[in-house]
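Working notes for the structure below.
Order as written gives the chain letters A, B, C, D, E and F; numbering starts at 1 within each chain.
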Amino acid sequence: MSNLNRLGGACGAGALAALAFAGLAFGQDAPASPIPAPAFDSGGTTWMMISSVLVLAMTIPGLALFYGGLVRAKNMLSVLMQVSSILCLVAIIWVVYGYSMTFTDGGSLNAYVGGFSKMFLANVDFAGLDPTKGAATFSNGLYLPELVYILFQMTFACITPALIVGAVAERVKFSGLMVFVALWVTIVYFPIAHMVWYWPGPDGVAAATLAGEEIRSGLIWGWGGLDFAGGTVVHINAGIAGLVLCLLIGKRLGFGKDAMPPHSLTLSMVGAAMLWIGWFGFNAGSNLAADGIAALAAMNTFVATAAAAMGWVLVEWLTRGHPSLLGAISGMVAGLVAVTPAAGFAGPIGAIVLGFVAGVACFFFCTTVKNAFKYDDSLDVFGVHCIGGIIGAIGTAIVADPGFTGQGWLDYAASPGTAVAGAYDLTAQLITQAKAVGVTLVWSGLVSAVLYYVVHLTIGMRVTADQEREGLDISSHGERAYNS
Amino acid sequence: MKLVTAVIKPFKLDEVREALTALGVFGLTVTEVKGYGRQKGHTEIYRGAEYAISFVPKLKLEVAVKSEIVDAVIEAIVSKAKTGQIGDGKIFVYPLDHVVRIRTGETDTEAL
Amino acid sequence: MSNLNRLGGACGAGALAALAFAGLAFGQDAPASPIPAPAFDSGGTTWMMISSVLVLAMTIPGLALFYGGLVRAKNMLSVLMQVSSILCLVAIIWVVYGYSMTFTDGGSLNAYVGGFSKMFLANVDFAGLDPTKGAATFSNGLYLPELVYILFQMTFACITPALIVGAVAERVKFSGLMVFVALWVTIVYFPIAHMVWYWPGPDGVAAATLAGEEIRSGLIWGWGGLDFAGGTVVHINAGIAGLVLCLLIGKRLGFGKDAMPPHSLTLSMVGAAMLWIGWFGFNAGSNLAADGIAALAAMNTFVATAAAAMGWVLVEWLTRGHPSLLGAISGMVAGLVAVTPAAGFAGPIGAIVLGFVAGVACFFFCTTVKNAFKYDDSLDVFGVHCIGGIIGAIGTAIVADPGFTGQGWLDYAASPGTAVAGAYDLTAQLITQAKAVGVTLVWSGLVSAVLYYVVHLTIGMRVTADQEREGLDISSHGERAYNS
Amino acid sequence: MSNLNRLGGACGAGALAALAFAGLAFGQDAPASPIPAPAFDSGGTTWMMISSVLVLAMTIPGLALFYGGLVRAKNMLSVLMQVSSILCLVAIIWVVYGYSMTFTDGGSLNAYVGGFSKMFLANVDFAGLDPTKGAATFSNGLYLPELVYILFQMTFACITPALIVGAVAERVKFSGLMVFVALWVTIVYFPIAHMVWYWPGPDGVAAATLAGEEIRSGLIWGWGGLDFAGGTVVHINAGIAGLVLCLLIGKRLGFGKDAMPPHSLTLSMVGAAMLWIGWFGFNAGSNLAADGIAALAAMNTFVATAAAAMGWVLVEWLTRGHPSLLGAISGMVAGLVAVTPAAGFAGPIGAIVLGFVAGVACFFFCTTVKNAFKYDDSLDVFGVHCIGGIIGAIGTAIVADPGFTGQGWLDYAASPGTAVAGAYDLTAQLITQAKAVGVTLVWSGLVSAVLYYVVHLTIGMRVTADQEREGLDISSHGERAYNS
Amino acid sequence: MKLVTAVIKPFKLDEVREALTALGVFGLTVTEVKGYGRQKGHTEIYRGAEYAISFVPKLKLEVAVKSEIVDAVIEAIVSKAKTGQIGDGKIFVYPLDHVVRIRTGETDTEAL
Amino acid sequence: MKLVTAVIKPFKLDEVREALTALGVFGLTVTEVKGYGRQKGHTEIYRGAEYAISFVPKLKLEVAVKSEIVDAVIEAIVSKAKTGQIGDGKIFVYPLDHVVRIRTGETDTEAL
């Protein structure tokens, strides 16, 4: 999912590896056109199915436990239920119209959103036999059965709104949240994902270039924004929505007065571990092929996370006197968020620096800054996902620079049918990244606020004080998490 | 009969129980409690949120005994539960009207 | 693991994809025979090894936690121990004689059970170097190292009897259960798996057809029963055994009087999540190759589950006033069970409908129907696995119909060496499915009852009342799950 | 990671499978040299990325939970934090200089340790496009993008020192432990891994043989030690270090007097399950390719573990009266450890025997022997990892013997460019294995003792008695694992 | 007024509570406790480490009642909590000076 | 000396403790208990099995005080723990014979 860049089209250099492979295996069948014949690769298909499963594991049990462990025992089930229900709801929405709105041509609105030609997965080759009906990767000639791509992207659509739960945990009304999420993915997530990730693929760029036609892509892709695995689409997007929601819904009863310690850091740690594990699918899977760039993304996902955890813990140790496990796992998540847009672009040392910076910065944000402003972002969705996401998005411009051992971007138009390295302009890239961040912050922030009021004024977004005090598990779901 | 109640540090339980057994006290009931007193708790910080934990985990022992041995029991508990540091706990003695052993229906000192 | 159908032989259309691949990569070596030369595919081998690991994860920690969270704390370890011990025991039995009894030719008894030619894995090529000694997939010419197939199938044999534990939890005697399981897999599971899944493979069908010989397969496979990943073999099979056992062993002490709430819905939710995650290996792995049909099975495994969870929760919300997490995870499992036989045959919308129906139906079964009959199937093995399995098995006939965007079945005999779509007869398929369900219910139900009495009258199947009251953890295993 | 053997070079027969594959796909490009042209294989790349993720899952949440569940609640977070921090610290050290010290030529010291030419991953092809810059596997001509290999090996370096935590849990000082680990991986782990696993690869052996040059490898590899996945390098290495540390640091307060039951066997069981699951990546991933030998390693990883759990539980049942869950999961780990060096060499029945023996032996060690000597190896790092590791290392010589359905070793020098079976000498192999064990025990044991004193005399290795009594969670990390 | 305290086996709670309600006692407070007495605990072995668990889980019921019905209350508890086996528990009766209902400020018998 | 025991709603603990401290009461012991009374519990349904949970989580505070300040203590607790809704809890006052501070051996009012 790296982005098209400037004129020609760009992606992680993974293209070349797969191209090489394709060349070896299928070279003898190459037609007169410079664009290679489409082919599937069972190694890549396997990698993408596994990556999809890994991203599912990020949501449940990963995110559910990470968040759940941080709330009080009386709200544990409510968090698990919110995350699980969002997952199920968005999965269905995705196949009904979400995929179509995100990954088809939106006609005159194509810069902003897709169309409805694949509603109910119409026009998708379910048997996945025919590479010419496959989904493009970042290598000319290399395709995935379209359902693999739909599945992988579905897991992203499912986890993004689930991230928001952390901002309003322990007080949000279940029915209101579900309606909010259904509206939010429709009006915010699908369009932004379309803007950042919709493009015609390497061969599409090549064909359009050869034919002298316009390359039809989403707005931010067209600008050349680099977002390997969803720093803007997923993390900034959900993070700003979380901030808006927690400001509008108000603080938890007793916030700042009662002790609200995590009911089980053990479970949060397990959740963080599952997030880390699953994030290899998220980041390295976003390469859409099993090649060297996937390995690079995987390596970066490992070391940036380790560096961020160490960053958070070290500053905490220095400033607060103790290195805490909650610090370590918060740092892990901050590092994972920050490396997401850079995963296939940065070199490992660049990733370490990026992760370390994110760990330190998010620490200050979640402690000093948040305490100063006194808003109740219960589980730090904003401080970790939005701040970490912004650091990652901007930092990507730097660590992707080949001058800093980055991978730069690939140009699919310069020599149609193959991919060549594009010229890297750091300043321009920084500006592009900032613009992409800005669009996301503004659109997601504004629409989230409007949607909040829509739901608030109809079915309501918050439980009553008594329900909140009793705990959402009993009051909203009629169950308790723990019995003896 | 008296009920002797002692709030002690948790890791002292086994020693105290042995001392009581040595005195011929064969039954007691233990509850996990949280104590507040001179012993300070500690501070826990969770991602910038600082909580002063003023309650300290303690065990409360309840021992019903014949009035005659109350002093011996108190002495036994004090000698075993004492570390000399703040938070060692307290002993409270209450009057006890009546005791019944459920299994047999025996009452009072027979039921102890 | 889809089934041979009617005369010719059928399977998920995955065949074609892999065939295409094989054709491209190896076409130039094709011999004079229309049957392609056997070959391995590292992508497929990887997919199947991962799928095996995923199915292991379904059992432990998945099923163990799902069940364990639902019992009282004093019986937690006993459930974990029963599931773990069954897993270990059956794994050993599998390599000693189980695989042989399931997947070799049984001579004159071949319709019902295999033979002993591969006891102790004799005659298996351990190095897995030679594709001509490999295990067939659903594509002509595409093979797996036989150990991969043995491993994958082993995980199915291990989880099936572990499912039964849920019906007799909190009162079953450990030694009795172990003996029961050893007998049950031998007399019930291996034969039924043989009846449903034993066939000579695409090239075997082709060779037999060319030679004008009989196609030697298990009974139900020969009928043309469709069971992509084990709806009959695994779920109906274990579900009916569970019902029989819980009726014969009797209710838990205090059933219907004492409160027996789940000791940790948190753990059950983690277990359900691991089940879902692992089920991708179960269902999409049953395709035996990493192609478009695997992707279809994976997609169906996702959306049917989501729909079933929503179905259960919605009806529960309407009829009981609260949407519960236990409802959501029970629905997930119901959906997973129902989509199992249909995974590679249904289109995604068909899978959604199938899942939704299963969620609603299992809800009514586990609440209204079960309460009416007052049997103590502690963790609803019958209500979820058997009922969900029957809905899935019958529903498969419908959703597999190409008329409803299903994949139909493939005929390997029409044009030996390749696979072509077979003509789909919905009514006939419904009857076949019903017959397969019937055979499983009758055989598993009857033999389970007999085995119960055998064990009951020798070593005993139930602990004493005192042991039950104290909890099986202490009384059977001398441990407690939780200390401080 | 199987080892070079005697003169020529040996490895799991997996080589042949991959070779066959390479031959089919690339045969037409074969150069005049008998050494095939290097190529990547996306199936293998996928397998190794997944294997890396699986090994990460062994560490967190696997090992963290396995260990964490066994300590008292007041020390839970400290264990989770120690394991997580070691993981992060060693990951960074690995890319900075660890990989270079392990897997580059060490010049005149090459028998013992590598050099510094790849510090900060200098000279590594990040894009992974070019197979000639890839990392060798055990098949001629088959390569992995080097980052894949670096990633996979990194996970081994991370988990090894984390194993040591179990020996000193509940009393070790966090800062002291971190410094100890940083020194220990540098002076113990990297050199021993180099001695056992550094070799020039199949094509390197072939080229050296053709050129009549010396084959430059680590000491133990040169001897022909067989260690498929790290029995010596990981388990014996960490196990002996644990013993030394726990002897020097002293017993826990109240050891042998106070009850110190596991605070959550539930979590330990989940940890053991994750260890088992992840160990498929550890063992079958060590084959470096997705072929029949990987399947053999996976199968052995399954059945040896099952047999070991049964072995432990059966003896326990006989001698102590109860079959316990802690026994079952301890047996699982013992089996996993024992089968590690033998994974790709043994046949499944050999693996079962090996696992069973390890289960029984480790049971006696962790109960009778340990009780007799009264040292406080809190979580039995020595009794399980070192003893299990030694049984596995010595046993490998036996079960690898083709006479006992083992795979023997492959000779890459006999016919350069291809691999042929080497002649198997059981006695010689037994001696070699014993020598490898001896070197590891002595070097790791001695250096660990020295490092203990270095840290003990500077920053200290143990918390104060008050801190220990309060629990490390509060005293070292300022948090509690559980609140309500 | 008296405070009747009963230490009983956990699974007897519901029966006892019903019996008390039948007597017109509508309030009580329950605590999870661990009891030590004639009833032996059990031994747990964790990987070779053997722990004798001498404390047995019990429930402690506290019921404040008018003095007149103390005997009836005792009888009700005994009859329901009795299994006849060691460990059935004990009943202790204490004098009670004063009772206040927080919600209303009512005192003594009115507050029960 | 008297022992004042109060059963209160859990979220009132901090307020009550502060009020007591203001009165010069520096020690107390808290137990998690389950209360049965006029306040109804709730119903939980687990897959069709319906359980009426009649016990409500409460905290029990035990405070040993000099007889003189018993009334002030009661008043302080009532004023802070009161929400006016059913289930606010009760205060019980018992006679207390004897108190010992384990650390020092001080007794009675000196030990408080």
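To be clear about the criterion, a residue touches a chain if its C-beta (ideal position, glycine included) is under 8 Å from a C-beta of that chain, and two chains touch if they have at least 3 such contacts.
Treat the numbers as computed from the prediction; the structure is a model and nothing was measured.
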Chain labels contacting chain B and also chain F
A, E
According to the touch definition, list the chains common to the neighbour sets of chain C and chain E.
D, F
Would you mind working out whether chain B and chain E touch using mostly the same residue numbers, over half shared, or mostly different ones?
different
Distance between the CA centroids of chain A and chain D (whole Å) is 34
Rounded to the nearest whole Å, what is the centre-to-centre distance of chain E and chain F, using the mean of the C-alpha atoms as each centre?
18
Could you give the separation in Å between the centres of chain B and chain D, each centre being the mean of its C-alpha atoms?
50
In chain A, which residues are in touch with two or more of the other chains?
25, 41-44, 46, 50, 261-262, 270, 320, 322, 324, 326, 478-480
Residues of chain F that contact two or more other chains, please.
31, 44-46, 94-95
Chains touch in the following pairs A-B, A-C, A-D, A-F, B-D, B-E, B-F, C-D, C-E, C-F, D-E, E-F
So in the complex, which bits of chain D are touching chain C?
13-14, 16-18, 20-21, 24-25, 41-44, 46-47, 50, 54, 72-73, 261-266, 269-270, 272-274, 276-277, 280, 284, 289-296, 298-299, 302-303, 305-307, 309-310, 313, 320-326, 328-329, 332, 347-349, 352, 405, 407
Of chain B, residues touching chain A in the complex
44-49, 51, 53
Tell me, which parts of chain E touch chain C in their complex?
11, 14, 42-46
Please name which positions on chain A make contact with chain F in the complex.
254, 257-258, 469, 474, 478-480
Contact set on chain F toward chain B in their complex
3, 17, 26-31, 64, 94-103, 105, 111
